[in-house]
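The two complexes that follow have chain A in common; it is paired with chain B in the first and with chain C in the second.
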Partner chain A sequence: MSAEAVHAIIDDIGSLLLFTMILIVAAGQIYRAIYAVAAQSLLIAVAAAVLATATGNSDLWVIAAITLAVKAIVLPWVLHLVVQRMNVRREVEAVIPIAATLALAVVIVVVSFQLSTSLGPVRQAITGNALPVGIALTLTGVLVMATRKTALTQMVGLFASENGIFFTAMAVTQGMPLIIEIGVILDVILAALVMTILVLRVRSTVDADIADLDRLRG
Partner chain B sequence: MTGDRPLALVLAEMVLLVLLGPLVTGAIQKMKARLQCRQGAAVLQPYRDLVKLFRKGTVQADTASGFFWLVPVLVLAATVAAGALVPVVRMGPPAFPLGDALMLLGLLSLARFLTAVGALDAGGAFGGMGASREMTVAPLVEPVLMMVVFSTAVVAGTTELGALAGRRGTSWLLMWNAADFLGFAAMLVLLPAETGRIPVDNPDTHLELTMLHEGMLLEHSGPGLGCMLLASHTRQIVTLGLVSALFFPAGPAGGTETAGLLLGASAFAAKIFVLAVYLALVESSYAKLRLFRVPQYLGVGFVCALVALALRIL
Partner chain C sequence: MLTTRDRRILSAIDVTGSAVLLALTLVLAREVALGGPRAFGFLRVDDLGLVFLLLLVVLTLAVSIYTVGWLKQAVSVGNMKAELLRSYFALVHAFVATMVVTVLADNLGVLWIAMEGTTITSAVLIGYHGHHHGLEAAWKYIIVTTIGISFGLFGTVLIYAAAADVQAGAGAMSWSAIMDIAPRLDPGIVRIGFIFVMVGYGTKAGLAPMHLWLPDAHSQAPTPVSALLSGVLIKCALLGVIRFQTIAAAACGPEFPAGVLLTFGLISVVVATPFILAQHDLKRLLGYHSVEHVGIVALGLGFGGPVGTYGALLHVVNHGITKALAFFAAGTAIARYGSRDMRVIRGLLGVAPIGATLLMLAALSLAGVPPFSIFVSELMVLRAGIGNGHWVAIAIFLTMVVVIFAGLLHHASSMAFGETAAAASREREAWFPLLGMVLLAAIMVLLGLGIPASIDGPLRRATEIIVG
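On to the complex of A and B.
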């Protein structure tokens, strides 16, 4: 594949990633957010596959496969399971209105594009718009974590944020060493497991939610 | 002035849009019925309704002013005029000065405004409620539509729809830019709102408190109601035509021979059909949103359009 074609494809995937991020921010129901984050991980896997064919870096194929298996299938499934176990059909609880969060997300996207134009020569070396898209995804993920009350939605935000970092790292370095990528993914799995257990335990013993913990004094 | 589209062609396209409008509505209704495992009314039912209404007499509220009977005619005229601005069978700039996409959106919002004024004029409670709701939703939809238009117009350097579509040529999905995906996503979110369908409005009911557009039509009767219905059919196909001109301008750009025109017409029909299937699927798979949730739904479209514009400019 020619360099321009790869640039174009990564740009397109980047825009679809932003779209899934907007869906996560706007999701009023927890299920929608989970599906959106699964779609986002799927897109990351596709991006890894595209970069793998472009650079001939076989590690990226492995990464694409792991991303697909772990982030696009297993983690959303675990989240789904937790939602079913906790029997929460209720809506995502936001600290500030979701419309305000959306507005903040727009600001984040515009600012990250604006900032990365000032990078100039550095940006030339990076595939397409991957850097601003990655920064925007990461920051918006943090935004989701900061503005939601329930632990599950915060987990979705964490995964989205992690996806952003992953996307940036992949596009900037044309594939990091395999061992680092695997380490990162293991971290994510571990974090998901710990948070899942914590959420279920807290709920089953004291029937409280994360938002109630701010009144906890040691 | 030189251009690819002479006056006769533009007029023919306009008439074609008005004639095909009810067919699109009928097709969507039929698809919805089949998806709900019903037999459904025939595809031509909207035409029969229109014929029936135009034969009937008019009853008017005592409180309505003399302006009231003019409203349906003006609404229909504004919508049909908007139809002239959409390229149908052939791309490229028109041979004479004609409005651009902003004019089109302006005419559509003029029609919307007149509908609301008519509903308020009659003095019915439902009409006033429908008008107030419609006017709540409209400021959320129209700026976003404009932003989507701008995000594609920035590249082409013109807001004239025919020229815009011609500039984009026959580029297909693979040639899409990153911003096109987001702009199209915004458009898909907005499309049900602009055509007055679920999840924003329900076109099938005028017996519920949730109605927006139908509530405004309650006081109209006979030929006036027929005009309003024809206007909403036309508005729908014009909006679909706008989407296909902005995002799928795959049609022959030049050539005066009949083969080219036929090809363009069938390409247009295919595009409209695909969008109609999309609308039918959305209508059958979602519930109507509460009015207070609509801004959040439309907010998704707004954010997508804004990001698309940002991607183009930055």
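On to the complex of A and C.
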């Protein structure tokens, strides 16, 4: 593949990633947010495969496979299972209206692109528009975590935010060292596991949802 | 023996493990003092890491000793379930292990992975009691610090991109290799990267305004875990900040990271003050106090120069030791009165003279009274600020320190003196908690009287690493 073709494909994937992010922000039901984040992870895996063929870096194939297996299939499936098991009636529960979050997300995207055009030479070290898209995904993921009260939506935000970081990291010319990427994925899995345990424990021991926990103040 | 559930055997293994860790660290410290930094793959021990490692292992040993007695009491009251003890000890040591890796990491990716590892292990420990409050604190902790730390990862990726641009190859993620090429990195991207890292690791360090999880987590965790969280964990995050500070200082001049650190430091000191004054919950008080002291360390790093940096590193050690002692003494007092409300804890001196004395010592030291160690390091930070002419920052800092001094002494003296509350247990003081506390108090007093050469050496060389 020529360098221009890779740039074009990465930019296309980037715009699709931003689209899935908007779906996550706009999701009024937890199922939709989970499907959107699974689709997003799938796109990340495709991006890794494209970069692997383009650069001949075999590490990226491994990352593509792990991302596909863990973030596109297993984690969404676990979330899905928890939703069923807890029989979630309360859905997304936003702190501020979803329309306002969408507006904020648009601001984040614009600012990210603005910020990265101000960077000169280093842009060449990162393929295409991966840097602004990565910053936008990370910040929007954090926005989702900060503006949603229910535990599972917050976890979806975390995965989206992690996806943004991965997208930028794999587009850096050299790619991150494989062992580091695997370590990061492992941490994400463990964090998701511990969060799930906490959610279930809160449910079983104090009979409350995470969203009801607001006693600690001052 | 490994399948036992006997509390005494488990505690013995715990103390032995911590003692071995201390012994190994001392050997490592000697090696480094004689032969300079040593690298082992992703890990590397230099004097900067060594300062933090020494603090970590000393506190781990003290925590293990304290836990012996604490656990006996906690099991008898029903705060800890006897059949869960094995997983408790395993988690505490996994937590300590992730902190050891954080401190020794040379590869910035490994640093991040270990940092997130500390979040995962300690989150489980914070919610260990399974109370409503504990679980709430654990959830808040894991969500806020995971948000924060993902900023840290993004900053790491950006700085890696800058380094890979200059020098291709696997070395581009190792701190020591990046330091060699740091002056040639693109300042624009390093600036953005450093701000991301500062927010990320700053969250974990408890710098305001990202500190919201800290008072909850530090106050709801089991007391030995509180001591580790407040004493070492937030310092490990500071070490992460320092590693990136040196890179940023070399790439875009020392003024930029110093300015960022000063801003966060001042905000932390100012934000913590009203909460310290108005606090009734003893462990929350100590939590807010950590926010203040992390702010002071950031101020020292921000003022910079040899004096400010040395003062900041010394403050890391001093505050770690003192805060752990304070949590121990507070935990013992809380168990005695069955309440964390400082309005209930009265006349401690009458029922537990040694514990009350230790609590007073820790409070005096935390408030910054001479001749205790924190006074010395705060003075150094002040001197560095005056030397560099940061008058506004100095004025704000001094005002807040004076206000906190008065507030803390008021809280401490009202707990120690006066008529003993009827609710207080009049049991004799238990040995093991006292032993752990006296160990820390001795170190605290010694560090106030003078800094021994074996600690001064690593501190000086670590200062050289940061200042360059």
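In this text, the second predicted complex is superposed on the first by the 211 of 218 C-alpha atoms of A that agree within 3 Å, B and C clash if a C-alpha of one lies under 4 Å from a C-alpha of the other, contacts with A are read in each partner's own complex, and residues count from 1 in each chain.
Definition applied: a residue touches a chain if its C-beta (ideal position, glycine included) is under 8 Å from a C-beta of that chain, and two chains touch if they have at least 3 such contacts.
All figures in this text were calculated on a predicted structure; none of them were measured in a lab.
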In the superposed model on chain A, is it clash or fit for chain B and chain C?
fit
Going by the contact rule set out at the top, does A:117 touch chain B (first), chain C (second), both, or neither?
first
Between chain B and chain C, whom does A:183 touch in the aligned arrangement: first, second, both, or neither?
second
Quick check on the superposed pair: does A:26 touch chain B, chain C, both, or neither? Answer first, second, both or neither.
first
Looking at the overlay, does A:15 come into contact with chain B only (first), chain C only (second), both, or neither?
first
Check: chain B-chain A-chain C angle from CA centres, nearest 10 degrees, reads 150
Which of chain B and chain C A:87 touches, first, second, both or neither
neither
In the overlaid three-chain picture, which partner chain does A:99 touch, first (chain B) or second (chain C), both, or neither?
first
Of chain B and chain C, the partner touching more residues of chain A is C
Smallest distance from any CA atom of chain C to any CA atom of chain B, in Å, after fitting
18
Touching chain B in the complex: which residues of chain A?
8, 11-12, 14-16, 18-19, 22-23, 25-26, 28, 98-99, 102, 105-106, 109-110, 113-114, 117, 128-129, 132
Mind pulling up the chain A residues that touch chain C in the complex?
115, 118-122, 124-126, 131, 134-135, 138, 141-142, 145-146, 151, 154, 158, 161-162, 164-165, 168-169, 172-174, 176-177, 179-180, 183-184, 186-187, 190-191, 194-195, 197-198, 201-202, 205-206, 208, 210, 213-216, 218
Mind listing the chain B positions that touch chain A in their complex?
176-179, 181-182, 185, 293, 295-297, 299-300, 302-304, 306-308, 310-311, 314
Complex contacts: residues of chain C adjacent to chain A
107, 109-110, 112-113, 116-117, 119-120, 123-124, 127, 130-133, 135-140, 142-143, 146-147, 150-151, 153-154, 157-158, 160-162, 164-165, 168-170, 172-173, 186, 188-189, 192, 216, 220, 275, 278-279, 284
